[in-house]
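For clarity, chains are labelled A, B, C and D in written order, and residue numbers in each chain start from 1.
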Amino acid sequence: MTQLRVLFFGKLADLAGAERPIDSHGLTDVASAIAVLTDAMPAIAPLLHPEICRYVLDQQIVPAGAPLAGASELAFLPPVSGG
Amino acid sequence: MTQLRVLFFGKLADLAGAERPIDSHGLTDVASAIAVLTDAMPAIAPLLHPEICRYVLDQQIVPAGAPLAGASELAFLPPVSGG
Amino acid sequence: MSVAVRIATGPFDPEAELAAFRARLGDAGALASFTGLMRDDGGQAQQLELQHYPGFTEAEIARFAQKTVERFGLIGVLIIHRVGMMGPRDAIVLVAAAATHRRAAFDGCDCLMDYLKSAAPLWKREHRADGAVWIEPTKQDQADRARWLAD
Amino acid sequence: MSVAVRIATGPFDPEAELAAFRARLGDAGALASFTGLMRDDGGQAQQLELQHYPGFTEAEIARFAQKTVERFGLIGVLIIHRVGMMGPRDAIVLVAAAATHRRAAFDGCDCLMDYLKSAAPLWKREHRADGAVWIEPTKQDQADRARWLAD
């Protein structure tokens, strides 16, 4: 089993927890990981929409079509606010 | 004899000295004090022109026509620069 | 030209940091700084929580800071952002920008703050007596940030 | 709402002054500051001389600062301006503006600096190896100041 560490922040972490490992076996790209996650947690689906969420794979911002390849960490960033 | 303390700053002070008392007896307004000063120091005349010099009488900015009345201090402020 | 970015997990002293930054500067004539402080909002706000993505947040902020240095011709930039839980009057953020002349220092500092407020990977939540609320950038924050994207 | 204006006849410590100012503030969320430093200009500039008109200069600056507080809705303003002879890396001026939100703090600080540069009763002379020169505001200084007079 190949594990992918999935990280959530802000509002998303309230719903999904800050961290959640998933089995990435058979997953091809970020979109397929999103499908697995929203199956398990339908409530977060609207927050993972590419218009309001950024995907970060092994610390690089990527589009939904990015291949997971051997990546070990996938983070979902909801709308930000600092300062 | 009534004395008026005249103060110069910046470039003006280089030419006229920082401070110079004049006898204000018979002087009516700021313009008449300017006439006395430029008689004594023709070199400063262009620097006392109202377009580039501000007149301050007893710590109040005044026009050339302001009466000296019982004022004790007249300052000439050339173009400024700070910070 | 130096860029320093730090995420502070506990309280920090903005003026001590600023003094150390100034001491390291070369021949700068202008040093603009901004300190963001937690307001208590008439006793309404009890705690503020800031989240970051360790590693990624620092790298993203440093990348933007480097672009800002080049854009405005800055001599140095210092950014310290607090994360975790904090209370009223705590310093949340310090941004300092040094340049030869003041226009670049002011604009650099201003631009960096707009980025931190509405584009850097940080998440802010206010804890009030009636619950916790995630904060989103205001219309003013968006408009402020748009000033730098226009050109 | 507080306005503090001081003419410093000797060196001052900008960050210590800033810390004391911050400690006196009420529920401010934003503190913008600017420190002007003497540049040595590659060894060209040896000393800088600033003249003021005692009493009048302080009063004029305080009057403008009060107007700036009202215009931008500031919580507090601190202005310290050095006069006399100073050397490279000395702090010439410190301006700090505190407000509820950052836009007002930045604008207040920026506006005050433009005033000090080209309108406050101060006279600045650079002493170089080849003689002393009175400085006049640059075109950029005039343009900067004009931004605030337009509205």
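As a working rule, a contact is a pair of C-beta atoms (placed from the backbone, for glycine too) under 8 Å apart; a residue touches a chain by one contact, two chains touch by 3 or more.
Keep in mind that this is a model prediction, so the values were computed, not measured.
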Practice problem: Could you tell me which chains are in contact with chain B and with chain D alike? | Solution: none
Practice problem: Go ahead and note the Å separation of the Cα centroids belonging to chain A and chain D. | Solution: 49
Practice problem: Could you tell me the distance, in whole angstrom, between the mean C-alpha positions of chain A and chain C? | Solution: 27
Practice problem: Could you give the separation in Å between the centres of chain C and chain D, each centre being the mean of its C-alpha atoms? | Solution: 23
Quiz prompt | chain D: positions in contact with at least two other chains | solution = 36, 102, 113, 117
Quiz item: Which residues does chain B have that touch at least 2 chains other than itself?
Solution: 83
Practice problem: So, with touch as defined above, which chain pairs make the list? | Solution: A-C, B-D, C-D
Quiz item: For the complex, which residues does chain C have touching chain A?
Solution: 36, 50-51, 53, 55-56, 59, 81, 92-93, 113, 116-125, 134-137
Practice problem: Give every residue of chain D touching chain C within the complex, in rising order. | Solution: 13-16, 18-19, 22, 25, 27-42, 88, 100-103, 105-106, 109-110, 113, 117, 140, 144
Quiz prompt | chain D-touching residues of chain B, taken from the complex the two chains share | solution = 7, 9-11, 13-14, 56, 59, 75, 77-83
